[in-house]
Amino acid sequence: MEQENLVEIRNLYLNFYTYDGVVNALDGVELDIKKDEILGLVGETGCGKSVTSLATLAMVISPGMIQSGQIEFDLGKEKLDLLNIKERDRLKIRGKQVAMIFQEPRAALNPVYTVGDQIAEVYYHHRKEELTKAAISEAEKDVKNAKGFKRSIYKRELSLLEKMLKNPKSLTVRFASKIPILKRFQNRIKLVVRKDTVELLRLLRIPDPQRVIDMYPHELSSGMAQRVVIAIALTCNPTLLIADEPTTNLDVTVQMQILHLIKELKGKLGSSILYVTHDLGVVAELCERVAVMYAGNVVEVADVMAFFKNPLHPYSQALLESIPRPGQKFVSIPGTVPSLVNPPIGCRFYDRCRYALEKCPKVKPELVETEKGHMVACHLYHEG
Amino acid sequence: MKSKGRFSEFKKGMQPTIKELKFTLKKIRQSPLSLIGMSLVSFFIVIAVLAPVLAPPKMADPFLIPYGEEYVTIPEPPSQLHPFGTTTGKIDLYYGCIWGTIYAFRLGIIVIAAILLIGVTLGLIAGYYGGLIDEVIMRFTDIILAFPGLILVMALIVALSQAINPFTGQTWTKIDAAILGIMLVGWPGYTRLIRGEVLRVKTEDYIEASRASGSSDLRIMTKHILPNAIYPIIIVASLDLGTMVLFAAALSFLGLGAPPRYADWGQLINQAGNWVSYGLQYWWTFVFPGLFITLFCLGWNLLGDAFRDILDPLYRRK
Amino acid sequence: MGLRDYIIRRLLMVVPIMLGVVILIFAVMQLIPPESRASVYITDPHQFQQIDIVIEQYGLDQPVHIQFMTWLNQILHGNFGYSELLGGEPVLEGLIKRLPATLEIVIYSAPLIVLFGIWLGTVSAVNRDKPPDHISRITSILGTSLPSFFFGIMLISIFVAQLKWTTLGRVTNLGSILVQVNTGRFHQYTGLFTIDALLNGNIPLFFDALKHVALPVLVLVFIQSATMVRVTRSSMLEALSKTYIVAARARGLSRKEVIYKHARRNALIPVVTIGGLLVGGMLTGLTITETVFRFGGIGNWAAMGAISLEVAIVVAYAMFSAIIFVLANLIVDILYAYIDPRIRLG
Amino acid sequence: MDTLIEVENLKKYYPVLGGVLRKKIADVRAVDGVSFKIFKGETFGVVGESGCGKTTLGKTMLRLLKANGGRIFFNAPSDELIEIEKMEYAINSISSLDSRSIVYSPKLLKLLKKYGLKYLSAEDLTKAKELEDAMGSLKKLDSRCIVNSPELMRLLREKIPARKRYELTKISSSTLRRIRRHMQIVYQDPTTSLNPRMLIKDIVAEPLVAQGIAGGRKVYELVIDALEHVGLSEKHLYRYSHEFSGGQRQRIAVARAIITRPRFIVLDEPTSAVDVSVRAQLLDLFQALQKDLDLTYMFVSHDLSIVECVSRRVAVMYLGKIVELAQTEEIYKEPLHPYAQALFAAIPVPDPTKKRERPSISGEVPSPVNPPSGCRFHPRCPIATEACKRVEPELVDVGGGHFVACNGVSK
């Protein structure tokens, strides 16, 4: 069964402008993320996997800059090239359609806001209308049930909420939300958010969510913090979840818990996941397809089964061989990763490759499909 | 033969240092602000070196500004004879500004050297050994730092100028008292700074690795901690070289530093105070010495700022 | 629990520091011969003619520890000595009398320094290595390099002497106001002319006082906000490089929200710590600025006292500024612990 | 089997300060009563999750941290043995000597006399005496050179005590500094374990210089020798550590560790900071060095699959305690302690065909400040009983050197 592509990254070039020179961090990256799959993105430190994952959101950390390329995102109704739209429109996609979780969960949470504040922020940002509607229906109920003075208060709150729904930037609303007593009409929204947040935390198996919601990030263990980061990512039921090494700094038993959780949530929410990692064990455990990166290039894309059984690219082969196995000799990849300031013109793996051909240092291999669903960028498999 | 071998080894050993130095100079060249700072400081160094030529001293103490035979109260505007004009008492501003440069360097270097010596030693000891020694040293710095620096120095000057200086056998001159006072209020800041650095460096693995290698405390302190903790202090010292001169000038301006007719920029501005009420009519009396102080401090501040960026190892390694 | 312990601990630390301050001042006083330091004990101008009696009365020829206890007793009872040359009044009285003038400068310059410093620092960090950053860095470096007395003199020669916009001192015609005060037509509620003028409904006087205070405030703000700019900039840059900023952007927050909601709140926590430094800088700056503008506040008074070697004034001023400084640092530390949840709850 | 190190009931607590006066209010029990032996020539693996005390254990064993209780015995080579090895090294490095040459060494003479070896004839001794007089003017000659007779050395080796047992928890700091050369440590992250402001030549030479083992030209030779052992060379001497890649930096750290020819090295997560492709190179290096230099390792790591490949025996730690200790194959195939079971089951296997639904234990490691009563694992343990909350299980041998600390298993 062939699934449609959710994201198509084409020819993505990205440079970092450092004091030592221009680093070609991404050199024509090609990557598809299908709907409803877990794609593992594997590679060593500095291969560009984290940069790629951020770039999928059209984001770069300074001093980086996207040079060229396309990031086509299928929104169902329409396809958007994230690099070709206004920043304002991108803001609507980030966090709502695509969410991200990070390697260091406690660093990804702002230390001066509580867990609840940080989750609520995303709610307000992307789902204000929905929340207002929910609050209005609550208020309507109250208006019906209450009598006398209370009723008039509820009525005023209701009218303010309705005004807010119609035009959140209107002067009345902005004025009312600053005045201490009038401000209370927003409490309804806050209550709705709090209820939803607690639900969400419960979904992530966070014990005692009513208490956790008022905690600051430094009070959480790293496993718990990672759950909170995932919770923030899931507030808007994103179609794509980008996970940048989310379990690398966690203990194995906690890593197991988080992996289980991700698998389970994926089943529930039906979103795609781009899982960045350097741990082939995690890939085998979790992913359906895998993409291997080396020095700014995607060198191989395959189904997990095919990849572990029959890796095609010499780098993938070496990577799999270098996994230590008891009773066997350790195998390593000779040489080092080339500097990306002045990278080789041809294949970037050339000088470490045991099958290097004559044309390898001269011509850059393209990513070509050799078997169904198995793509590789290596001259060994190309005609001619 | 042997000595040549040793020399080539020394040369090899120096190579990385030279490389780092070249790198530093390259970085300075790349930033316009640090370039300005560098040129300002060089400019003042040249003036200081050439002072005896630019303004030949006429009295036994070259820091005493020569003045005309007849006492003229009204300042004279810049002329051939007095390029920067004169101030009260026919005092030559040009001479004052030039020799003021040497004086500023002398004061800044003496004060900073003394502060560095005391501050770094005590900070290193406090940070490395911790415990009671640390407590005693740090509480003492707390007490001195409980005063705004200028005010404690003012009090000291008032006290010392009525006390006997054991070196001269007379009461302290205000200028000596000022230098002593600036040293006294200056070192605690350095002690605190280096102590913090030592505490940071102390937790690094390479310190423990050195202990695992059997190093003594002294070796760890001098070979590992000090080289890794000193850079922020060097930056602050280069910034402070200007600040300390400014400090002394402020005291002179208040009348608590150099005596009248002394080649000190602050003192010259103090003298100019009488002519300010005439507006810009006697502008040279305060503009020239003021410019000298400002540019001197600006030079060191820009240079220190550049050092701050360049010597930051994180920035370097990128 | 953690915060309460911290506050108690911090409060307890004030005691040894204050004791140390008193001992240090006493030690400095010991450098001075008894005849000169007798003025620190004198309560009545006639005693200046009978210094020997004063020395005997307060035990200035006794062993050091006894002298110290005597002096401690005196200052705890509010006796800081008598000023012979300046004003001819008890020192404590002189200090209190001149405090409003100083406060008048402080209440205008302190908020301006903080606001201006934070604003410029933020602008600088947000536009790193762009023209606004260069301008702000140059401004702050100039602020640290330009001597306040030189800056002040320049302003006086241009605005006071040349353009005659205003005069030195606190108001143009102090005499007429003092007459009004004595005749009860002008109430001195606070001693601050700008505020009192408003309370008395004397609008011209308000503007006049404001004009007089403007130049000293300008000097202080320009010089003192430099540190604020620098610290805000670097702490803002650090905050902006944190992962949670990337995370916030990845959640779809706009640049403005990220900067002002996520980065600035974190960046301002370390900025609080230089509040203490700022108070120290203000005390130093006031001493010089008031002297330049002849503003008649405590800084001006202390500088004049120092020149005329009035030990009592200098001692009282040093004590006063140490107390202010220590208290400021205390408040800053507690505030810092309070606003940073990592300390408050950890 | 030869025991190299013996640890008895070792404890290391860190104080937790608090209250108004910053007094100690509690302890972090990083290592809380641990006993085991490490045999000569083996690699002893220690695994556990963060905060279990494995790194603290390694550092406390080298007395880089002071223990709060318990004892550590270290069987270091005797001073005599060191002396003989030094001489042998000296003799081997003088190629012009043949087996008949006699070179003078007062230290060897002293040893020979002390152990009553009359191997040298009276004639030889006179000759040696003559030489002794002649030596006075030849100061340049190395005084450590000696009769080049392997036979004599062998006999001497038999006579002298080969080892001396030090109680590391008791010895004075000067003795400690003297025997530091026999035990070394390699840290997790070479970027922080190498002084950024020191040249490689000084970093590697530090143990020699700091302990006064060698000086001058000798240091230079030994440094190059050590660098060559780890696959670096003379051309790397005059560089700073930041000029190297992560793998090379770790090699430099290893060179520093082996330069004094130690007997025991603690490898504290030595491969955690490097990439997979480099990891294998380092592991290879460790094994080669172990063979060449007769080393004993304690391999501390959270990466269970690596420990499986390198260690002969493995100890699993949980909250400052060893919960299980056995031969590697045994413990990986059939762990007995419920925590060890959960831990080994949680390793992701790089083989998608072996995807199995494994039970994962709930919760996270509790704080070591107030560890749970009884068995520390009981709040997370699937087979915990009421008794586990009260009774702290002891580490007992369940047969064949397989130790377990579990109330459920030992019964």
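Labels A, B, C and D are assigned to the chains in the order they are written; within every chain, residues are numbered from 1.
One rule holds for everything that comes next: a residue touches a chain if its C-beta (ideal position, glycine included) is under 8 Å from a C-beta of that chain, and two chains touch if they have at least 3 such contacts.
Every value quoted in this text rests on a predicted model; they were computed, and no experiment measured them.
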Intersection of the contact lists for chain C and chain D: A, B
Target chain C, source chain B, minimum contact steps: 1
Per Cα centroids, the chain farthest from chain D: C
Contact-richer chain pair [B-D vs A-D]: A-D
Centroid distance [mean C-alpha coordinates] between chain C and chain A, Å: 51
Averaged-CA centre spacing for the pair chain D and chain A, given as whole angstrom: 42
Residue numbers of chain C (touch at least two other chains): none
Multi-partner residues of chain D (each touching 2 or more other chains): none
Sites on chain B at which at least two other chains make contact: none
Interfacial residue positions of chain C with respect to chain B in the complex: 16-18, 20-21, 23-25, 28-29, 31-33, 36, 134, 137-138, 141-142, 144-150, 153-154, 156-158, 160-162, 280-281, 283-284, 287-288, 291, 302-303, 306-307, 309-311, 314-315, 317-318, 321-322, 325-326, 329
Touching residues (chain side chain A, partner chain C) in the complex: 54, 57, 59, 61, 88, 91-96, 99-100, 102, 104, 107-113, 121-122, 125-126, 216, 218-219, 229, 232
Complex contacts: residues of chain B adjacent to chain C: 33, 139-140, 142-144, 146-152, 154-163, 242-243, 246, 249-250, 253-256, 266, 269, 272-273, 276-280, 283, 286-287, 290, 293-295, 297-298, 301-302, 305
Contact set on chain D toward chain C in their complex: 18-22
Touching residues (chain side chain B, partner chain D) in the complex: 12-13, 15-16, 204-206, 208-216, 219, 223-224, 227-228, 313, 317
